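Two complexes follow with subunit A in common, the first pairing it with subunit B and the second with subunit C.
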Partner chain A sequence: MKINKLSAIEAIALILIVTINRLAINIPQAILISCGSSSILNAVYISLITILLVYLIVKIFKNFPNSDIIDVAEFLGSKFLKYLIGIILFIYIVVTSSLFLRDFVETIHILYYTDTPIIYLLIFFIVVSIIANFFGDESIAKTNVILCAIMVVSLLIAFSSVIPNITFQRALPILGYGTYTTFFSGLTNIFAFNGLMVLFLVPPMLNDKKDLKKSSMIAVFIATILVILATASILLAFAFSTNISKISPLYMLLSNNEFGQYFQHPESLFVFTWILSFMSYLNISCMLSINICKKLARVKNGKPFAILVNIIILIVAILPKNIMQVRELGTYISQYVGTPITFIIFPIILAFANLKYKKYRTNNHDVSKD
Partner chain B sequence: MIAFSHLKKVLIMFLAIFIVIFSLSAPYSTGNIDKLAYVIALGLDVGDNNDLRLSVQLSKPENSSGGSSGNSYEEITNSVNCSSIDEGISLLNSYISRRINLSHCKVLVISEELASKGISDYIYTLFNNTGMSAHASMIVSKIPAYEFLDISKPELESLLSRYYESSLVSNEYTAYIQNVSLIKFFSDSVDSFTQPVAVLGSMSDLPIQSSNNTEKMGLAVFRYDKLVGELNGLETICHMIISNELKSCTISIPNPLGDSETIDLIIKLNNNCKNGVDIVNGTPHISSKIKINAKITSTTKESTVDSTNYYKKENTELIESACNEYLEKNIINYLYKTSKNYQSDIDGFGKYAVKYFYTIQDWEEYNWLENYHNSIFNVDVETTLKSGYSFL
Partner chain C sequence: MKNNSKNKNLIKQYLHKIFYEDNPDDYDFTLGETTNSIVVNRSTSYNQDVQSNLTLENEILETANTSNDKVFQSINVNLEYIKVRFNSMINSDIKIREFTLNARNKQYQAFLVYIDGMTNQDLMNNYILNPLMLKNTANSFDGNQNRILSEVKTNNITVRKVKKFDIVEYISNCLLPQNTIKEFSKFDDIANGINSGNCALFIDTIDIAFDIEVKGFQQRSLGNPNNEIIIRGSQVGFTENLRTNTSLIRRYINNENLVIESVEVGKISKTSCAICYLKNVANRDLVAEVRYRINNLSIDYLISSGQLEQLIQDADSPSLPQMIATERPDRTSSLLFDGRVAIIVNGSPYVLVVPAVFSDFIASPEDFNLRHQYSNFMRTLRIVALGFSLLLPGIYMAITNFHQELIPTELLYTIISARETVPFPVLFEILIMELSFELIREASIRVPSPIGSTIGIVGALILGQAAVDASIVSPILIIIVSFTAICSFSIPDFSLGFHFRIMRFIYILLGAMAGFLGIAAGICVHLIVLNNLKSFGVSYLGKSIFKHNRAGNGLILSPAYHRENRSEFLKVKRPKMQDDISMKWKYRQN
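Up next, the complex of A and B:
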C-alpha cells in the first residue's frame, strides 16, 4: 500500500476534498451566524490569512521535500515527538471524520431516508470506505479527482442558482456586529480551512516533489473562492440566513431556488453528488489514518488497518446522542483543536525543524534519511 | 493469481452495487408514490374552538385503465379542526389512509381572520417541514380558507395544479397581483429591510363569472407576520412599479385630448426605477425616479383625424404628461397609504437606507420601520409614448 504516485492534480483534489465537503453542511452557517451582514468581509479576511499561512507553510516545508509532519517531528524531537504528533494526528483525523460522518448521515436521514435507521446509513458509508481502501491508495486518489471535480461543479451551480434572488444590500451594514466580531473573534472562522491539515501529510505522496507549492496554492485558492461564494450566496439570497440555523444551508439554498419550470426539484441530484463526494472524503480520511498507522507501527502492508480504522470511525460516530451534540462537538474540536494544530502547532514544529536543519546543513546532513 | 485477484475485485464491486440497489429501494415503504396523497393546496383558518382549521385540496388521479391516462383529475377538499398543522396532517392521514405529502403544494391559503392574528408560528412550522414546497404561492383569502379551496375549480384547465400555476402568473400581464412564494414571504417577514405581501383572494363578484369561483385581485399587506391592510388592483400596479417587479400592465388614464373619457395604455418599465433614501434629522426622504414605456391600445374615430391624432408630437406630449401626472398621483397616494396607515415597507426602501449604518446594532437602534412611518416621498415619472398598435 505504498503511495508515491500523486500527480499535481491528484494532490490538489486530495487537499481540496476535505474542505469542500464541509461546505455543504455547516461552514457557511458558522460564519453567517457569528458575523451577520459582515460574513462576506469575514470570509475574505480569513481567506487572505489562510492563503498567507499556506504560503508560509509551503515555504518552510521546502527543506523537507520527502517528509510529512511526522517525519519532521522525528527529525526535530526524536521518536517521542514522532509518536506524539502521529497519535494526535490519527486521533484528530479519526474523530473529525467520525463526527462529520455522523453529521452527514443525520442530514441525509432527515432529508431523505427518514425511515432508515442511522446505524444502517453509517455502515453503508463505512463499507464503501473499507472496500475502497482495499483497492488501494492509487484508486482512491484517482477516483477522488473525478468526484472532487463533480463536487466543485455542483457547488458552483448551486451558488449560481441564487443570482436572481440576490439582494446586495444584505451585506450591509458593512461591519455586521462590529469590527471586533468581524476581525478578532471572527478569526476563529478560519476553522473553515482546517481541512488544509492534509498539507502536512501530502509531501511524501507526491510524484514530483516540486508540485507541493503549486498544488497547495491552487487548492487553497479554489477552497477560498468556494468558501467566499458559499457565504455570499447564502447571505445575499435570504434575510433569515443570519438568524436561523438550518440543517444544511446549501440544501436549503437549492431547495428554495428554481432551475426553470421543467427542473423544479434539483436538490436530490445535488445531494447525490454530495454523497459520492463524502464517500471520497471518508476514503481519504481512512487512507491518511492508515498511512499514519503504517508509519507509527513501521509496517509495509497497511491493508489490515483498513477494517480497524473504519470500525473505530463507526464506533466514534455512534457515540453522540443526537445531531446537536455532533455539531457542538464538531465546532468545539474544529475551533479549539483543529485550528491551533493546523495553523499554529504544526507550523511551529516546522519552523523549529528548519532552525535545526540549518545547523545540520553546515555538516552536510541529509534530512530525508532521518 | 492475477486473474483471481481481478475476479475478486469484480466480485466485491458487484456485491457492493447489489447491496446498494436492493437496500436503498423500498418497495413496501410508506414513502412510495402510490401510498402518498399529494396536496395541491393547503388552507389555514381559525377553527371552531378558536384553534386551527386545516384544509387540504388533493388531486385524485382517475383510474388510467378506462382510457387515456393522466388527463382528467378529480379534486377532493378535506378539512379538520386541530391544534397544529402537524396534528391536522396526522388526523387527515388516518382519515384518507394515505400519507399526505406537501412537496407539490402549489398554494397556501390563509384566511383573513387568521392572518390578522399573526401567522409566524404556522410559517415557521411549514418552513421547518423539509417536505413542504417553498415555492407554494401565498394567498390571503377574504372568505374562509376551506370555502376558498372548495370553490376553486379549474374551468380552462384539466389539472388543478396547472390551474393554480396559470392563474397566479397572470401578474405578468395584469400586475393586479404579485405572485409571492412561501420562501419569499418567510424571508420578508424576518427581514429588517422589507415587509411581506401576499395575494389577496376572495369569492369572485366580477360580472364575467358564470358561476361561483375565486378571484385573485390586489395584495394583502403584512407588518412582520400580521395582516395590516389591503391594496386594490391599481395600488398593486404602483407597488409592482416601485419594487421593479412590473412586467407589463394596462392602465386607463384621463384623456387629455377629450375625444373620450379615458385612454388605455399598456405600460412597461423602461429600466429599473431608481429609488433612493436620504435620512435628514432622522426622517427618511424617499425618492423614486420611474421611467415608463407606453403603448396606446384604445382609439376613437376622432383620434384618427389629423388635429386630434394621438401620435402627433404635441398630442403625444399631452398624453405623456397626463400619464406622468396620473401615475405620480397614484404612486404617492399608495406610498403614503403603506407608510402612514399600514406602517409597512413592502417596497423594501430599507435596503437603500441601510448604507448609512455601519453596524447591525446601529441599524436596529434606528428602527427603520418606526421611522418609515414618518417618510417623505418624492416621485418622478417620465413616460415615453412608444407607439400604438394598428393605428398610428
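Up next, the complex of A and C:
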C-alpha cells in the first residue's frame, strides 16, 4: 500500500489505538467473567504470550519489507489468495468496527443520551470518519497521535484514581476458578489483543522499515500494561462476582470513585476522552478498509470509498436489535474469528510465504518486492 | 371644478411618482455595460461575430500594447506621446515643464515630466533645472568637441583615434548632480519611473530619456507598533514605505547575506514587493517557492499584505492564518535569522513571514526578551486561555444540557436558581450574549478611539447588567461570556483570534446538539483540519512544535543558552544557531 509514510510514533499510536479502545468497553469485564479472581494472572499470562507472538510475527515479516499480508498472500498463493485474504480482512474490519461502534454508542446512550435515537449518535461518528478520510491518511495518523496520547493519559489517571479503593484480598484465591480456566480456557482472552491485526497492514505505511519491530514492540508493551492495569483496577475495586452487564466497567469504577468535593462526578470527562479516542479508532478502521479496497480494486484515489465504507459500517451497526446482541456477536466474532485470524491464520500464511521465499532464494529467483 | 381637476392631477402625479417604474424626473444612475473602444475597433476591423465582441473580457479590455514604444528623436512627438499617455489634459497632478537646456554653449529644447506631490520640489529646482537651465561654467565650457584618445604618425599620415562628443554622457556625468539616474529608451520604463515618483527628462534630438530619482512624497514617520505592543523590547514598527521597512530590517541584520529581492505585483498597480531572506541560512526551495507564487499572480492590483496573504496561502478553506503578519522589525529579523522568508508589500505596514506553524501564533514578540520562566508562564497561560476561548461556551452548553452530574451540587443549585426566571433555552441565551459581545467588539473598533473604550464599558457593564435584570440571560452566563472574551483577548495573533471567534459558535452549536459527543466530533475534525494544513510545505501542527531546543517557536521556550538549533521543519542551511556551549565565559572548553 503506497500511502503517506508514517513515522515511528505515528505507527505506535496507530497500533495502540486499535487495542486500547476496547479497554473502556468490555475487555476487563470479559476477562473478569471468565477467570474471576485470577484475572490479573490471566492478563499477565496472555500479555506475555501476545508479546511473544508479536515478536514472532515481526520476525517472520522481516523478509517482506514494505509488504502487508495481502501482498504476502499474493506472493504465496497468487491473486486468488490475495483477494480471499483482502475480502476477509475487509469484512472483519468493517464488522468489528460496526459492532464496536454500536457497543460504544449504546454505552453513551445509556449514560447520557437516553432520549436520543441511536442513529442520531451514530451519525456523529460516521460524519467525522467521512470527513477525516476525505482529508487523507496523513492527517488521520497525525491526529491519532494526539488523541491516543489523551486516551492513554486518561486511562492512567482513571487507574490511579482507584488506588484508595483497592482491596488486595479481592485477588484471592490467586488461581480463581482453577489452573485450567486461568491458563487453558482463559487463553481465549487473548482476543483482547485482536486489534494487533493492524500489524499485518502497517508495514507498507512505515517510513522506515526498521520501525516495524520498534513500533510493534513498544505498542504491544504499552497495550499489555494498560490491559493488566485495567483488569487489576476493576478486580481489586469490585468483587469479581459483581455482574456489570450493560455499562462499561471502567465507567462504573469511575462513577463509584470519589474525586473530592468539587469534582464529584468527573467520569463524563473520561467518557469525553474515550469518545475522542473512539472517533480516532473509527477513522483508522475506515482508513484501513479504504486502503484494502484500493488495493483490491487497483485504484489510486480511495476517497470515493470513504462514503461507501462508512455507510456499510453504519448499516451493520444498526442491524443488531440491542446491546446484548451486539456484545454477544462481538465476543463471538472476536474469539472465534478475530483471534484465529490474527494469531493463527495470518502467521501461518507468513510462515509458508517465508518457506517459499527461502526456496526461491536458493533457486536464485528474484523475489524482491516493492 | 377647476380645483377638483387640480387635486386629481396632484393625486395622479403622486401615485405616478410612487408606482411608475421609470419616472423620468428621478435621477437614477445605473452602471451599465460599456463598450471599450478597442472592442469597437476589433469588431469593425476583424468583422467577428457580434456575440464574441460583446463579451468584455480582460484580454480585450487591456489597453494598447505599449511595450515596444520607444522614445523618438523629436521632442514634440515625445511631448505629445507623454500628454496622451498620461492624460495630462485631465490629470491635474501630471506636470510637464518645458525649458531650454544649455550644454556647451548650445541650446536644446527639453521637458521634464513628473507627478506633483510625489516628487521633492527642492531637489528638482536645485539639482535638475538649475544646472540645466542657468548658464554656468560647466554648461558654458566649449572645449574640444572630440576627444583624442591616441595618435599615430606613419609616412606623414596621422591616424587619430577619437572619441566623439556624446551629449547624453555629458548631461548625465557633468550636468546632473544626482545619485540615481537611469537612461531608458522605452516609454514603459519611463512611465514606471514617473508613476513611482521619479521625473523624466526628455531632450530634443536624443532618443532616450533620463529617469531621475527625486522621490519626495509625504509619509508616516516611524512609530510604535499599534497591535503588537510589548513592554520590554523595541518600540519601532514598520511603516507604509517599502524602503523604510527594508532599512529597518537591515538595521537588525547587519550582514551582506541578507537578500532583499524586488518583485512587482499587479498588472495595473505594479505594487513593489520585496522578498527578504538570509542567503546562507534559508532553504533554497522555500525561497524559490515564495518567488514562484508571487511571480505567478495574475491580478490587476495589490493594495495590502493581507490581500497578498490570501493569494499565496496554501489552503483557502480553513480560516486559520497560514503566515505570520507582523508589524515589528525585531520579530521579522528574528524569524529571518531562524531561516524564514519575509515578504514586504509597499503601502502596508504588515510584513508577511513564511512558513508559519501553529505555535508561532501563540508566541509573543516579547517572549525572547524575557527570562524563559516568565515566557513559559505566559505561554502556558495563553494556551489555557486559547482552550477556554474556544471551548468554554460550548462546554457550558454541553454540561447544562447533557452532563449536569459534572457540576458540583451546590453550583448546580445556583445555576438552576439563576436560570429560574430566564424564559429562554440556554442555547438562545448564549447566542444572544455572544452575538452582543461580537457586536460591541466590532462597534468599538469602528467608532473613533476615545468613544471606543466608552462603548466597550457601556456594552459590557450596562448591557450585561440590564440583560440580567430583565431576565433575558442568567448571571452565570455573563461570567462565562466575559471570561471567554478575556481569554480571547490574550491570543497574540489577530487572525487566530478571528478563527477562534468563528469556531466558538460552531462548538456552541455542537454542544447544544449532542453535548460532549458533539464537542468531541468538533475537536476531532478541527485537529484533522489542522493536521492536514501546510504552510509553504511545512506541517502546521507538526511534532516539531513540541521540541524545545529551538528558536523559541515551540510551545515551550528553552533558556537563551539552550536555543542551539534553528527550527527543524525549515530544513535550513545552517541548522545550528549557537554553539552547544554558548556561554564560553562561564564554561571553558578544555
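Keep in mind that, in the parts below, the second predicted complex is superposed on the first by the 352 of 370 C-alpha atoms of A that agree within 3 Å, B and C clash if a C-alpha of one lies under 4 Å from a C-alpha of the other, contacts with A are read in each partner's own complex, and residues count from 1 in each chain.
As a working rule, a residue touches a chain if its C-beta (ideal position, glycine included) is under 8 Å from a C-beta of that chain, and two chains touch if they have at least 3 such contacts.
Note that the structure is a prediction, hence the values are computed from the model and not measured.
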May I ask you to decide whether A:V127 touches subunit B, subunit C, both, or neither, giving the answer as first, second, both or neither?
both
Identify the partner contact of A:F135: answer first if only subunit B is touched, second if only subunit C is, both if each is, neither if none is.
both
Which partner chains sit in contact with A:L172 here, subunit B, subunit C, both or neither? Use first/second/both/neither.
first
I'd like to know which partner A:L147 touches here: subunit B for first, subunit C for second, both or neither.
second
Would you tell me the residues on subunit A in contact with subunit B in one complex that are also in contact with subunit C in the other?
120, 124, 127-128, 131, 135, 264-265
Residue positions on subunit A within touch of subunit B in the complex are 36-37, 110-111, 114-115, 120, 124, 127-128, 131, 134-135, 167, 169-170, 172-178, 238-240, 243-244, 247, 255-256, 258, 264-265
Residue numbers on subunit C that touch subunit A, as the complex places them:
402-403, 405-406, 408-409, 514-521, 523-525, 527-529, 531-532, 539, 541, 543
Touching subunit C in the complex: which residues of subunit A?
7, 9, 108, 112-113, 116, 120-121, 124-125, 127-128, 131-132, 135-136, 138-140, 142-143, 145-147, 261-269, 271-272, 275-276, 279-280, 283
Residue numbers of subunit B touching subunit A in their complex, please.
9, 12, 16, 19-20, 23, 26, 29-31, 103, 130, 134-135, 183, 186-188, 190-194, 348, 351-352, 354-355, 357-363
